[in-house]
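I have placed the structure first, in the form of structure tokens, so that the comments after it can refer back to it.
Letters A, B, C and D name the chains as they come in the text, with residue numbers starting at 1 for each one.
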Amino acid sequence: MPRITVTVDGIVYEEEVEPRLLLVHLLRDRLGKTGTPVGCDTGNCGACTVMLDGRSAKSCSVLAVQADGSDVVTIEGLARNGRLHPMQEAFHAEHALQCGYCTPGMIMAAVDLLKDDPDPSDEAIRRGLEGNLCRCTGYCNIVRAVRRGAQEMSGEGVRTS
Amino acid sequence: MAMRFEHEFTVPVSIEQAWAVLLDVERVAPCLPGATLDTVEGDSFTGRMKVKVGPITVTYRGDASFQDVDKDAHSLTIKAAGKEARGSGTAGATVTARLHPEGSATRVTVDTTFNVTGRPAQFGRGVMAEVGAKLIDRFAANLSDLLGEGPGAEPAAGPANVTPLTPVVPAGPAQEPSGSREGSLVPSTGDGGPPEPPEPSRPVSLTVVPAPGDAEEIRGQDPHPGGTARTSRTPEEEALDLLEVAGIPLLKRVAPLVAAVAAVTLLAWLVRRALLRRTGGS
Amino acid sequence: MIPAAFDYVRPASLEEACHVLATTGEEAKVLAGGQSLLPLLRLRLAYPSVLVDLGRLPELHGVQDRGDHVFIGALTTHDEVMRSPVIREHVPLVALATATVADPAVRHRGTFGGSLAHADPAGDLPAVALALGCVFVTRMTGGQREIPASDFFVDYLESALDPGEVLVGVQVPKLGAGWGFHYEKFHRTAQAWAIVGVAAAVRTEGGAISEARVGLTNMGSTPVRASAVEAALRGAPSPAPDGNGASNGGHDPVRDACGEAADDTSPPADLHATSDYRRHLARVLTYRAVRAAST
Amino acid sequence: MTEQIDAGMVARRIAESDRLGSPDPGREIGRARRRKEDARLITGRTLWTDDIQLPGMLYVAFLRSPMAHARITRVDTSAARNQPGVAAVYTGRDFAAEQGSLPCAWPVTEDIVIPDHPPMAVEEVRYVGEAVACVVATDRYKAADALEAIEVDYEPLEPVLDMTEALAEGSPKVHEAGNRSFTWKFSGGDVEAAFRDAPVVIERTYVQQRLIPTAMEPRAVVATTDGTAFTLYSSTQIPHVLRVMLALTTGIPEHLLRVVAPDVGGGFGSKLQVTAEEVLCLLLTRRLGKPVKWTESRSEGNLTVHHGRDQLQRITLAAERDGRIRGMRADLLADMGAYLMLVTPGIPILGAFMYNGIYKMDAYDFTCTGVFTTKMPTDAYRGAGRPEATFAIERAVDELAHELGMDPVEVRRRNWITHQEFPYTTIAGLTYDSGNYEAATDRALALFGYDKLRAEQADRRDRRDPVQLGIGVSTYTEMCGLAPSRVLGSLSYGAGGWEHATVRLLPTGKVEVVTGTSPHGQGHETAWSQIAADAMGVPFEDVAVLHGDTTVAPKGMDTYGSRSLVIGGVAVLQACEKVKDRARKLAAHMLEASPDDIEFSGGTFSVRGTSAGKTIQELALAAFAAHDLPEGFEPRLDADVTFDPQNFSFPHGTHLCAVEVDTETGMTKIRSYVAVDDVGNVVNPLIVEGQVHGGIAQGIGQALFEEAVYDSEGNLLTTTMTDYLIPSAADLPEFVTDRTETPATSNALGVKGVGEAGTIAATPAVVNAVVDALRPYGVRDVRMPCSPERIWRAISESGGAAAGWAGPTEAEGGER
């Protein structure tokens, strides 16, 4: 069995894995990182989105062996020093989640999209989240949250006018 | 997912010769691309069949038998049923072949219904519709070759053995409309001019007929993934296919299916061109 | 769902990759970004015995300006393609179409070469490669070859690659000055497959179209070149920029030309569209794509 | 009308004001509290059922029928048993003696046919996806592998796929007893008279396509036993109902069975079910003595999570030429699928009382026949019967308006119940307690810029613009708060409609609220905290809400049918009042005053007219210590309430949708969407707005995108999210929402429920808009989902090839 080294949320893991083991199952079943859920089997829903070497990836469509030597950040590793990431705060503030199942992936996708476009328009936000499906919110508050998160992250604070 | 196909072709051998070949399962079975015969016992046989489309592979194991063999009417039915070797799905086919004497030649009609269940049948893009049409087309083309050889000959090595015969008008409704829009595309035949002589072609006409109950699409839904197939591509691609068929080592691998498809496509295109010319000329 | 078991090889060199693939034959499958392959594995529609992971071969990555063409390494991700200044400047159609592929996370992993080698007629890039006349550069044990796009797409999900052959990269010809580009994708939801897509490159000179290249997505078992449209467009006056063309005045040669987009195609009929609707869309969308590319 | 005001801006301002806090400072109810639930959900510390790992746990996978209808002639599990890691392989026959039949709790008629429904098929399979065998293995990978080694032989039987054909003489039968499950009739007024010589009669047939609910969390079940008692964790909406039903089905005594709904990732009715997998996981843990887990994949779920809708509606409306509706007939075929599940037959019946909508009419007649087909059973999906009814009446009213050349809003005005007429008993026999359709509609029209859009529409029509504008109106009401138990009883439902709450004042003054509702995204922990905080005079943060575990919250009727706040929330309020009554007695005793002289304000009980008082926290500690209590006073400050409502509640609202239809391609784009809902008093405007947003998105999903499609052999083609299209952020617009507030008079909170409103309202609003856009082409209906191709065909077939692009030729049309 291949032996891989992967850093997940700051911890280095060495694991022997079957080649077919999906990254998301490595996270969930082997490392106990159940914060990243699985919502489909075709890479459509985005619930399992994590950061793989700094960019968003659907961990159900990546083999654990492909992540050998990589750095993975999941929703569980987003908060730093006990403080929530501004995007997590923003999702809470804007009521951008209901059942919360899509939320880990949605937040990771939102954080990722700001890497390219720190001040996205609503349309850019909607396009940037097209790979993450939510069945509860109708997305309105998610768009608001991403806008708010973007403002927080750019240090502007939320425009109140 | 059920599909039905009708094929018709004429072979330059007598009906008795063709009939004898048709009854020879060890020669008929390999006409189905990817099929392997394991055992033959009387009118029943077992075998495997591997269906491959790009990365997608489905292997079936199953059995088949001759049924309704009517030597007076020169018609028979082969019923085949298989199960996926690794999944829970099934595949079944019923092939009815009828021979009709036409002078010294024999006209053959092949009516095939094809049904797939299980995961391969559970997608909107119709993986199996894609494959099924090609398989059956290829089967008919190979059968045409085989029957054309008459008894005692070796099975055809490939579709290069083109027997020049006249294309036959499809027995069922033609897929392509004969409307002016399409007709206007007919290459270079002057309006009202006489139809060009038919080109040498494989004697297969391809028709796709909705399976019973499919006429009104999937129970009233409009887009219908099953029961349809493609029969032609652009001339440029046919040219490519011709090269492939001629053996240029572009396609060393996947010989059965790709070559089959190439051949079928070629035939379809040729047949269609011929048809369009007839339209254009009438 | 869960893939069936397979062996995994991560070759250290292209040579080794070719060797492994050649010796394993049909049962081996190349793993590039895996964004098309993994869903097939998970649904157990594919049962390769070996996956050969090319993801770590540096020679397959990157974009190079090579004078008359741009070379895109097969393992260059969609995301990298979209960002590449070289691609955006010299072969913008590639960037435009790539931006419509799947979604951002998939574009981070999915690769240019992987998409093309998958040879899905519903994929967005094959039609672009065909329209632009790309050349596919491959390697096999003891050799290499160049396959023109017109020969590369053999059939539904079938490329011209041999079992022991690896796609190294793609030469995308620079078309030079005077060309405009557009990729028009029609799909029901953002994630859905293109029902039909049209890749158009149009050169205008002195108020007229001097050359056009049109590739169609999901209009057959392979991507399709709309040759009839290309021929008919030659010499047509460039469409007016007001969006209504000559339709007010009646005759619009560009529109007439695009009306031939579906000729000689055999588009699939499936859950999402019938063949004749696809033919209709091909005409409408080709007109839109050509207009957008000419202005 | 205030058309010059930008609608988006207005709504934003309203939303912002909600966000800034309650109009009544100091009061929790009405305040836009951020949710308590969020902390664990945004950090990945949630506990979904699939997250649960127990020592020695085994993993279950099900082998499912590839056939729509077949006899099982042989099952060979021997090869699978010998695979590595496999603990057991079972077929339906192995469990035939103990698996029972999955329950149907709603026998809508005396003579209803309820076929036996074994959790694993024993002799016959009746839909693709029906469980045939199962593997129990040491991990999920090995379980999946072993499934491939099970051999099943089937003898195919004829599938039954079309309801009309299923009822025809000579149709193949899904069950021995035939394909008709029941026919249920209902009427009010003299329908014959209403239709006799009616100047206008509108007759239409609408297809409610089959839908797949698609909660984001796939189902999962964990079952474990200590040898005596059993615990079942399930991604369910109904832990309490499930416990009763599982006890009855499996014979495991109810008192030894604990059911837990951990965090549940959405339901929309799909997890209001007693599933084969839940039953079998319990039986497997009983047989094997090990904990077992089953988690479905999405493609498995699309096949086997119960589907929604799937009705064929023939609607006839009789009206005067002035637009006044005289009467209505609704004749339904409802596809049950292969079996009756928990409330399958009741779903269309729930709609029966809603076909008259918000309108006055003299007569109404309803008939529904439930039909068996070889497809996945249908059951509750967001709205459950009421979206179908609302769609039918709202579409038909638009057709009436068109027939009469009237504005669709005007026709509605002429027929709706005016606000002065409440309470109003409708022709369907329901008494609508309150409402103000005029106010909601006026507000919506203003936000929408109705007149301006109509002007633009006229202009586009004049210009023969290839992009046509359509405006859709939907003025809906629904019956929420399922339900008064006596009403449910009269409809033959198997249970009551009450809800339970316990409120406990803890010694330190904190409050525990135990609720029988079972939230899965609705934010009950937050909203119930607001109710309790106000009632008890404690800080919002000092309230904890416990739910979803039959040990922790032993009594309940769970969450569905927009019932939680209207019944469960009211129960919480009543329980708080009961605790307060006790606290008042204690305070009076401690303050040496008469309880009648004790006032309660801001968490303090004080003697009227004095400064003497006791805080509720002081009282809590005093009750705990129990040193000095009134004579006969039990030392506790807690209370239970089981609340059974006297009536349904009737939220209503007006939704307006503007679509742009590209007539060349048939593509629909929603340009603007305005929703003004009246859900009565609002506990948390943020949550209400969220529910409306999500509801609208699902309603739009039905209108434009979603359909479960079976092919002519009964294979489901939409097993994955690539084929079953649910909208993403990029496919939906911003929704403009606002509210009017007409309190319900039927409950102490004045609330009406909001869970289904958006879905019910949105579907007809969107389809009305699509059809409105296409009126110039002579189109009068487009079947849902209104896909681009259907719209293109509708235009083409009405002879209106758009802007010069040819429609399908006859030959091409035949190719379909």
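Convention: a contact is a pair of C-beta atoms (placed from the backbone, for glycine too) under 8 Å apart; a residue touches a chain by one contact, two chains touch by 3 or more.
All values reported here derive from a predicted model rather than from experimental measurement.
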Q | Pair of chains joined by the greatest number of C-beta pairs in contact | A | A-D
Q) What is the distance, in whole Å, between the centres of subunit A and subunit C, each centre taken as the mean of its C-alpha atoms? A) 29
Q) In angstrom, rounded to a whole number, how far apart do the mean CA points of subunit B and subunit D lie? A) 49
Q) Any idea how many Å lie between the Cα centroids of subunit C and subunit D? A) 43
Q.
Going by the contact rule already set, what residues in subunit C reach two or more other chains?
A. 1-2, 4-5, 42-44, 190-191, 193, 269, 271-275, 277
Q) subunit A: which residues touch two or more other chains? A) 18, 20, 25, 41-42, 44, 127, 130-132
**Q.** Contacts with two or more other chains, residues of subunit B listed in rising order
**A.** 86-87, 119, 124-125, 222-225, 228
Q. Pairwise, which chains touch?
A. A-C, A-D, B-C, B-D, C-D
Q: Could you pull out which subunit B residues touch subunit C in their complex?
A: 52-58, 86-87, 119-120, 124-127, 129-130, 182, 185, 222-225, 228, 230-237, 240, 244, 250-254, 257-258, 261-262
Q) Can you list the subunit D residues touching subunit C in their complex? A) 140-141, 144-145, 148, 297, 299-300, 664-665, 667, 705, 709, 717-718, 720-723, 725-728, 730-731, 787-789, 792-793, 803-809, 812-813, 815-816
Q | subunit B residues touching subunit D - in the complex, by the definition given at the top | A | 1-2, 83, 86-90, 115, 117-119, 121-125, 173, 175-179, 181, 211, 213-214, 217-228
Q: Flag every residue of subunit D that touches subunit A in the complex, lowest number first.
A: 34-35, 37-48, 50-51, 53, 139-141, 214-218, 263-266, 268, 297-299, 520-523, 686-687, 689-698, 720-722, 726, 728-732, 734-735, 758
Q) Which residues of subunit A touch subunit C in the complex? A) 2, 18-20, 22, 25, 41-44, 46, 49, 52, 55-58, 60-63, 65-66, 109, 112-113, 127-128, 130-132
